[in-house]
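Shared chain: subunit A. Partners: subunit B in the first complex, subunit C in the second.
The block that comes next holds the complex of A and B.
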């Protein structure tokens, strides 16, 4: 197990290095002065110019420049944003929690609704129910998320007026930032309008989370269904039945854990598409997360924001896909079977 | 009253070519305390019969039976849940595929504990501990050398033979009244095989566990069983006490089986053909009508296109229109 963890850590470091290298070369292709693209300072004074030259080793060889670039970026110096004139790293820390909050709620929603539905569609003997669930998931899988988001905000936000269509919370509420997660912050907030603010934050998150949850939800249902069907045909389910266990305990204790294993693996593979969907959803619902921030940076040709945003998003995806793989190995005794007897 | 009484059980499976009768009018009577052998080639529906008795069949199977009685209770019209718990308490089964019969995500010990009945003689804080000790005692009893280590192992860490032994321990831990052993020694070395059979016999004799032993090895079965039922292609051919069956088979198929047993005592010519029935076992979608042995049977005649009913003579049962009877002896006395 120790060797396995070391190998995963190694994979993480190597992938991150490749990511930094790609960013390093892409920065040189920006249609702007190199020191402007690196630091975000449009009209540097001569001192600033010297500082930038020194920090990024601009007068040295490309290799030295790469090392200097990596050192700067990894120590948190992403330059300043051209539009806001504030450090990119600070802005990044401000928008990341909102994105995590949205992604977490959407993922939770997809799992809580998707897993039981997948189990039901696998176990139900009525063909029409199975077909209905499959048709719904296939529709959800093929609906473009930007269209769905616009449609939802048109129906529930504009025509029915049930839910707010943009932002994280109503501007009336002044909630101090503690964790960055709005739902948590409203709960931690100690004031007269604590619960009103919490409910308002909850209402704000419903529509973006539902929109974002559609894709993982459909995948979860389909994977759970196929895995469950194949598990229920195994001999050990027959053996458990022969031991006289009840149906519920067979499904919950013997079938479901085995069916969730392939699901976990697929969740890891789905992180990339999920992140790009999250960016689109954030733009549609003006969610103050990293996606909306990155897209506005792209529109404004804010080179430092683009670099910082891409770096953060890609690093998060790499980290979580490796984390899921490690979790998969840790949670699943069967995957340890491959390692059994080899090292 | 027999412990298990199956009369004319038919199982229809859905195949792409339409429904096929995998088992046709199978009758099986098992008395309490006996060791009953069920012999048949692979594909003859032995495991299907076992699963139908236990009620762990696939929902797509169509099962009909004139009678399916367990100790005076009719299993056919018993609610599913009641039947499941009754079967769990009173019948245990040793499955054919030992390593596949364990959930790979739990240790075998965890699954063994599920099979141990709730005893209320222990106070609750010692319950788990006592249960574990009991489980390890069972493991030791079936011939596992380090029960503690095996108890905490995952099924894929054990060899096939060890899995089989744990499976047997699991079946025994319930202290069932009937034990269905579906090829219990399929993946074991001969010395362990004998050990397992001895264990089964011991249980049968000391604890009065009825055993239904399913196998394809006629010579081993004949060593350990009191009675035998011969199955061919989903039909019962013959049933009766082992000794009589072996010395005087009534049915052509049983006779063929006995003749096919290699005899090492006499000198056999080099590359001499072994005596076998002509042809091979028909596939499920090309089943002959009537007696399924018909096309291969040396005694087949026109009547054989009708399935013969199971007729009995003293305590022997056979399903054949032209059985081998004791006529030869009578002829001898006449001359």
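The block that comes next holds the complex of A and C.
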């Protein structure tokens, strides 16, 4: 297992290096002066100019420049934002938690609703119920998220006026940032309007989280269903039945854990599309996360923000893909066999 | 054979088992759903039935990020809205209703007979904001006033060069050349001496740009070697003090407890930065903000469907126009410019872009200005004449770039659509048009640095003086100030403007501005499109906001009831 983990770590580092290399070369293609694209300082003083030149080894060979670039970026120096003239790393840390919060709530929602529905549709003998569930998930899978988001906000926000459709919380609540997760922060907040603030934050997250949950939800239902059907046909299930185990215990103890293993694998594969959906959802619902921040940076030709945003998003995806793969291997006894065989 | 025999009973058994299981699960799930439903009802009750306890305050949905927190260094309305009337005060204010100047930080002022010397007497009870980073030890006095203006006119002032883009408004009116000296007479008296008389001087001091900064704070920053913070970590004398600014998200202000004027009732003021106007509207509907800026004309019917919303509007002191780069061929040919003016149909533009909430522009001055000529006539829509003029100028297969702003401004709610309509009109007379656009903060920068053909832009007046429409927009002195987008310079026109500034007689000035308008009408450096209404959407429970025909929004002495944001 130790060797396997080392290999995964190696994969993580190698992929990150490739990512940095791509960013490094892409930065040179920006239609702006190199030290401006690297640092974000519009009119550097000669002192700053020298500093930038020194930090990024601009007078050395390309290879040295690449190492200097990697060192700067990995140590958290992303330069300053072209538009706000504040450090990009600070802005990045400010927007990341909101994105994690939204992704976490949406993912949780998808699993809590999706897994039971998948199990039901696998075990149900009613053809019409099966078809209904499949039809719903297929529809959900094929609806473009930007359209769905707009439609939902039009219904619930503009026409009915039930739910807030943008932002994280009513801005009159002055919630100090502790974790950056608004739901947690409102609970940690000690003031007279603590619960009102929590409920307000909850209302604000419902629409974006539901919209973002649609894609993973449909995938969860379909994968759970297929996996469940194939597991239920395994002989050990029949053996369990023959021994007279209760139905609930057969499903929850013997069938479901095995059916969840392929689900885990698919969740890992889904991270990329999930992240791009999250960016779209954040923009539609003005969710103050990294997606909305990155898109506004792109519109404003904010080169340092673009680099920092892409770096952070890609790094997070790489990290979680590998984490899920490790979890998958740890949870799946079959894959442990070939752990030493390949890569 | 044996195998299948063995299997089939198992299979049946298993099928039956699954069936039972299914029933069991279905029962369980119904129970689950029922409890989930109850939970949701409870939650809904918690959220819906219970009256929300919102903290006291007012949320204003604004349209963009401010570029700075000091109005001296900008001209953009978004920044003015966020700073000028909230954080700062001016020496005097321009009362748009009485059309007269009223005291602000200065209690009284005297003008010498030759119109060259102005003496201001200051209030003695004004304190600057006390913030975590600055604790004023003294009241505001003449030093602060001298510092605030010295910074603009004196290039040796250490804070003159911290303004990276200069002082665009003051440069456009030639302020540095106008001022001979600014002296402190005693602690509460300041004297301005001018190089030549200027009838618009008081009006310029009353603009949103001419704010008073703290000299003590500036000295503290200089000691800390952080002079550039003067324009971002703002300290002023206004009704609200800046607490926090998060880019793309919000600006939070708290009431200034030491405010010298009438204390605003809302303890908190929040600018909710929402660039898209549909999102602003929806935030207003669900109650996340009580007042919302710059509605698109097409959204007004939606707002009227909701009983709890109302539209505040009044004629604005503004003009939307299409500026032609008169220094670049073929636009240096007057016939081409005239042809373009004849080629566009302003009526359909008004209908599509403004939904008929605006008035067709005949010249630069809007009807709400006192110098507006009542007999103004506009160039009619005549594509045939346009073609003839183009032919006589010998221009064929003309392709022009139109730069269109990406954001709504008070004078033009939808510049992109305006550009598309112009494109169609010009296509009809055989001119090909490319529309160019960037995000706002990049837009002006790029435009300033590029060799553009034409731009759809506009002007909102900063004060009630008619000169504010002419000198910044079309005078020779403003060609390099990035306000004269036509890059137009005409000696006769400038002559008229300086004559109009020298005299104080209103009727005489009106005649001179009428003559100036005529030159613009003949020379067509720019094509006026429309005079727009200033509009705000607000919840009925929100307090009345003074919407002035010019200048930034002011929440001075405004309040929001406790419930204004919360009810659905």
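Rule of thumb we're sticking to: the second predicted complex is superposed on the first by the 338 of 343 C-alpha atoms of A that agree within 3 Å, B and C clash if a C-alpha of one lies under 4 Å from a C-alpha of the other, contacts with A are read in each partner's own complex, and residues count from 1 in each chain.
What we mean here is this: a contact is a pair of C-beta atoms (placed from the backbone, for glycine too) under 8 Å apart; a residue touches a chain by one contact, two chains touch by 3 or more.
Values in this document were obtained by computation on a predicted structure and should not be read as measured data.
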(request) Go through the superposed model and pick first if A:125 touches only subunit B, second if only subunit C, both, or neither. (result) both
(request) With the two complexes superposed on chain A, say which partner A:238 touches: subunit B (first), subunit C (second), both, or neither. (result) both
(request) Quick one: classify A:282 as touching subunit B (first), subunit C (second), both or neither. (result) neither
(message) For A:185 in the superposed arrangement: first (subunit B), second (subunit C), both or neither?
(response) neither
(request) Between subunit B and subunit C, pick out the one touching the greater number of residues of subunit A. (result) C
(request) Classify the contacts of A:84 with the two partner chains as first (subunit B alone), second (subunit C alone), both, or neither. (result) second
(request) Once the structures are superposed on A, label A:101 by its partner contacts, choosing first (subunit B), second (subunit C), both or neither. (result) neither
(request) Go through the superposed model and pick first if A:166 touches only subunit B, second if only subunit C, both, or neither. (result) second
(request) Check whether A:72 is in contact with subunit B, with subunit C, with both or with neither, and answer first, second, both or neither. (result) neither
(message) From the superposed pair, tell me which subunit A residues show up as contacts to subunit B and also as contacts to subunit C.
(response) 125, 238, 241-242, 247
(request) State the interface residues of subunit A toward subunit B in the complex, per the touch definition above. (result) 125, 234-236, 238-247, 254, 257-258, 261, 332-334, 336-337, 340
(message) If we count contacts the way the header does, which residues on subunit C are in touch with subunit A in the complex?
(response) 10, 13-14, 17-22, 24-26, 29, 32, 43, 46-47, 52-57, 59, 65, 164, 246-250, 252, 268, 270, 272, 274, 276, 279, 281-283, 285-289, 302, 306, 438-439, 441-442, 565-566, 568
(request) Going by the contact rule at the top, pick out the subunit A residues touching subunit C in the complex. (result) 42-43, 81, 83-84, 86, 91, 94, 116, 119-120, 123-125, 153, 157-158, 161-167, 170-174, 192-193, 196, 199-200, 202-203, 232, 237-238, 241-242, 247-248, 250-251, 286, 288, 292-293, 296, 299-301
(message) For a test of understanding, state which residues of subunit B touch subunit A in their complex under the given definition.
(response) 51, 54, 56, 59, 81, 84-89, 91-93, 95, 97, 100-106, 111, 114-115, 154, 156-157, 167, 170, 174
